[in-house]
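Read from first to last, the chains carry the letters A, B, C, D, E and F; within each, the first residue is number 1.
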Amino acid sequence: MYELGVVYRNIQRADRAVADGMAALGSATVHEAMGRVGLLKPYMRPIFPGAQVSGTAVTVLLHPGDNWMMHVVAEQIQPGDIVVAAITAECTDGYFGDLLATSFQARGARALIIDAGVRDVKELQRMNFPVWSKAISSKGTIKATLGAVNIPIVCAGMWVTPGDVIVADEDGVVCVPASRAAETLVAAQKRESFEGEKRAKLASGVLGLDMYKMREPLAAAGLKYID
Amino acid sequence: MYELGVVYRNIQRADRAVADGMAALGSATVHEAMGRVGLLKPYMRPIFPGAQVSGTAVTVLLHPGDNWMMHVVAEQIQPGDIVVAAITAECTDGYFGDLLATSFQARGARALIIDAGVRDVKELQRMNFPVWSKAISSKGTIKATLGAVNIPIVCAGMWVTPGDVIVADEDGVVCVPASRAAETLVAAQKRESFEGEKRAKLASGVLGLDMYKMREPLAAAGLKYID
Amino acid sequence: MYELGVVYRNIQRADRAVADGMAALGSATVHEAMGRVGLLKPYMRPIFPGAQVSGTAVTVLLHPGDNWMMHVVAEQIQPGDIVVAAITAECTDGYFGDLLATSFQARGARALIIDAGVRDVKELQRMNFPVWSKAISSKGTIKATLGAVNIPIVCAGMWVTPGDVIVADEDGVVCVPASRAAETLVAAQKRESFEGEKRAKLASGVLGLDMYKMREPLAAAGLKYID
Amino acid sequence: MYELGVVYRNIQRADRAVADGMAALGSATVHEAMGRVGLLKPYMRPIFPGAQVSGTAVTVLLHPGDNWMMHVVAEQIQPGDIVVAAITAECTDGYFGDLLATSFQARGARALIIDAGVRDVKELQRMNFPVWSKAISSKGTIKATLGAVNIPIVCAGMWVTPGDVIVADEDGVVCVPASRAAETLVAAQKRESFEGEKRAKLASGVLGLDMYKMREPLAAAGLKYID
Amino acid sequence: MYELGVVYRNIQRADRAVADGMAALGSATVHEAMGRVGLLKPYMRPIFPGAQVSGTAVTVLLHPGDNWMMHVVAEQIQPGDIVVAAITAECTDGYFGDLLATSFQARGARALIIDAGVRDVKELQRMNFPVWSKAISSKGTIKATLGAVNIPIVCAGMWVTPGDVIVADEDGVVCVPASRAAETLVAAQKRESFEGEKRAKLASGVLGLDMYKMREPLAAAGLKYID
Amino acid sequence: MYELGVVYRNIQRADRAVADGMAALGSATVHEAMGRVGLLKPYMRPIFPGAQVSGTAVTVLLHPGDNWMMHVVAEQIQPGDIVVAAITAECTDGYFGDLLATSFQARGARALIIDAGVRDVKELQRMNFPVWSKAISSKGTIKATLGAVNIPIVCAGMWVTPGDVIVADEDGVVCVPASRAAETLVAAQKRESFEGEKRAKLASGVLGLDMYKMREPLAAAGLKYID
């Protein structure tokens, strides 16, 4: 349940180095390192290919068809932040375009995650300002109703608290609570460190069946081979 | 982000009288009384018509295709509770049928709210155990993986904390934070108390344009009548 | 493309007797009589079972999350009208409930067709005020932006001009242009008049293959029977 | 991959008594008895509440917007059959209404399962001819292109061979291969026979946790209770 | 409501220079210049990235699974036209591929807007013939039923009259009525002319809050800052 | 209906040269050559642009959220195979990433077709291992339940038997039964051979109306031109 009409100016951001270190690992590895939780719904897609980012969340809650609070959240951005936007009802309107992106980028924002639509896709790609969204739409919005900035929000099915770490790439978007960010980074890096060796083995033709020692549990579960 | 493998046994339920008092008001009036927030997504629909309930939330987090934790949450139910169930990924499987409903009902549960599927619809209606769900599906589930009970969850796009008040009817499902339940009940009852008089006026042919004094602001906004 | 901020007070309604006569025929027969055109998209569903109506269209264009114009259109309703509502962008909010329905009914409206959501479903059923909509949702709306009344609109994929005849039942919603209403009624009644005889034949075991003389064209098209 | 332009007249239907005996068990129990397989997708919904049937499948493959083969399949119906209809591409048109239902019923059909739309819902309910479909739509169809009758088809994601047993109720639709029908009936009846005792225990307040002896495996999996 | 079996050969196209001038402005700016109306639904997406076009609409109405009228509309194309295609029911089939595109391009068409599917995506990109569609599908169509050419149609929720201006880019598709095209172009160019200055200010760190003088109305609406 | 817990090791693959020869023709031409059947649903999309492949199907059936059998199917891959994966219920989880792709590629697989989600999109593109899927998702899976390998499956609405030929490109995915592969290749090549001449004619401005001699049948169907 949301508190409306407020802007929290002082939020506790996750450690900068930790937040920055997650981009290289990617959303899949980070989500696995947390115990397979934290993902936003898979309908959230990048508006252009290739972007892979991480940063600290500043949040904004908006009403359908109304992007007034986008200008309010802009002022709260610090370098290294990622803006996470939720709407109080389903909406695909284009809340965000190249002018707002210019402002966000000037403030140091790295990306926008929005459970709605955006526009000016070509310009956003030219500016290299990545967005993960539910829709792309030319539909403009009005500026009439108060939402909130830096309150905890639900974005695309996931709870996001201001200051959490957001990791986004072509596979999706994951949110890591600030309090668990450091341990998650370590766990994710550990996972990652094993991948090279595994990849080499598999590339040489070794089967996962043997590498992960699955033949016995599969047989125990009753798997039968038929010639 | 979710904590897995835990069951919180002691939760702070909203005041019983307050929780009980909201059923008569309905989800629309309660959501308006909170400032038009708190609703679960409208894809959550009752599996049979006519039910209108309120109660205190006990929550359960489940994995796709796995209803093991449904049996764990059953033990945490107290009379007057409503079970609210979320899944860690999109799933339409039938997590719940007449046997579990019998158990829930025996423990005093009033309803289930689940962001997935249920089955045995005919029996649930016969038992008068209402469910609001995303789907109806015969698909059975396994019992293999731990989720969690009575942690805060996101269900159908809304944040639900154990002990919150749930109000559900044919219009949808709303969640009222326990801390705001008492004031919300008062505000909702106040809204409701004005409705009879308004209804009588409108029924007599008075227009909302006049009753709400809208003609002047509409003209100010530029509305033009053309004959 | 829409003209905003206007209310057309004088519209040319289809002949009353013609408009009234179509309810008994139903949406499927009327749409066939027009040459299989005129249907709104099948996601438009009645909010309770059993209603079957026809009437003359008054139209209203609304913005997402804003039902202000609903009060403006109420004044333009005449007995026998059906209100047809379109939104300028996708929206599932609950634009309409029992208070507006009381007002619409007092003015003589027979139904609402809306490409969005409604609420107070239980009360609407009790009042016997039928609605065909895209969604049911408790989500309330604001009153802030001008739309238009009695302009031609696109509702659920179909062009509706004020004064057209609307026919709605459990199978869907069809729009008949006022200029073609009289001939369509005749054609639909003619279709209907043949149905009794056909039904009796089919009930007696005669096959459509023989009744419609399909065996020869099927053979000509190459159909082969294999024993 | 489909063979077009053919009608297979001699199909091997599952044993009549076996096919008839499954209706009482319902789709959920039958699907569990087969090892949790055989279900059509959950978007297949009954067009009116309360129906619960089983019977032997006759199949028909149709093209989008073309119901010509419906008349061809009618001739192949025998008492106790259920018609299962697939379309070669996504379509929501109304392929079937009260006239075809009259013909199907006269031939002894018990129901229609169709991965598309139907119409005349009110009349079908009056006739008590149940349908499970993807959509309800007034949209009529033409009669121009050959499909096929009694070939194996994919309907709503499930492979259906002519003569298989279909079980349909408010929970969904399941297909049981003719060759496995007898053993499935036995297994389903066995499952069902245990339910009464379980229900009584659960109704008396015994928990599933104890009845199914889940406490130990839950603890082994690491479940922690927190007071 | 549609008139079938007709081809209108003489349509009033919007002024060529006006129609051509809109491509550079893009769909978002043009739609804003019209008062935020005129957009097709956001499910209409380009089949390859980068295209941005404008032109005059020639329209075609087709039946599900039947592309016969595509060949009829080809003859009505003049250089600078964009073909806009609607279907009488929901359909995702591939109505259009490289052969038709070759013909359309030879006649001077700049693009296709179709509320259905297309195929030969790779070849269409090689030919640089852009398409905005609801789907991509290999599914072929037949040539059996008459539709209509150059009648007003509803395409993806928007009313399109032959001769209207279509503007399409990565943000979506907008339709400008021929009668309003000239004034819309002027208004859109004016909007565009202010953007450079705004962008420069925002890039320098000025906030929208100050540039648009929003602080006072936000405070008036009750916005509170919390430290 | 599926047989679970089995791996068929000896499958009859379609002729290698025939299977290889289809890639150049593409899914649309091959599907037309079979009589417009065999396509998987159009929601199956390539995860990166440009890939066009054909090969012989090895099949795998998986449970929601469980990719254990992916490792089992890896061992059954032979050079020139394409893995086709179905899930027993709707699921968008990421079943497959760069490690499994490395293993599949080492065994000689050319692609994966999966009616669920995949992840590591960027790496898969780098490795040039194409995937056609319903979703992209970071969501990981567990390894707990037996499915089956090389049984006939339904994938995205189409029946696929091990050894069938799969053709996939940007337009979609088609399955050609092994028994019909040779004749289909011949028919598809014949279709293709006519395309060059047709394209040249259309490019020179000849209309399909004349090239396909459609003017007479259109007139016979009643088409009217209006000046």
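A few remarks follow.
In this text, contacts are C-beta pairs under 8 Å (C-beta built on N, C-alpha and C of every residue); 3 or more make two chains touch, one makes a residue touch a chain.
Not measured: the values here are computed from a predicted model.
Between chain A and chain D, the least number of touching-chain steps is 2.
Number of steps on the shortest path from chain D to chain F, with steps defined by chain touch: 1.
Homomeric contact chain E/chain F is classed as different-residue, with under half of its interface positions used by both copies.
With centres taken as mean Cα positions, chain D sits 31 Å from chain C. Taking the mean of the C-alpha atoms as each chain's centre, chain A and chain B sit 28 Å apart. Touching of two or more other chains is recorded for residues 36, 39, 42, 89-90, 92, 137, 139, 145 of chain F. Inter-chain contacts occur between A-B, A-C, A-E, A-F, B-C, B-D, B-F, C-D, C-E, D-E, D-F, E-F. Residues 5-10, 48, 68, 70-72, 74-75, 92, 94, 97-100, 102-103, 105-107, 117, 119-122, 135-140, 143, 145-146 of chain B are the ones touching chain D in the complex. Those residues of chain B that touch chain C in the shared complex are 26-28, 31-32, 36, 39, 42, 45, 49-50, 52, 169-172, 174, 195, 198-199, 202-205, 207-209, 212, 214, 218, 221-227. By the touch criterion given at the top, residues 63-66, 88-93, 137, 139, 142, 144-145 of chain D touch chain E in their complex. Within the complex formed with chain D, the residues of chain F that make contact are 1-2, 4, 34-39, 41-42, 88-90, 152, 154, 157-159, 164, 175-177, 180.
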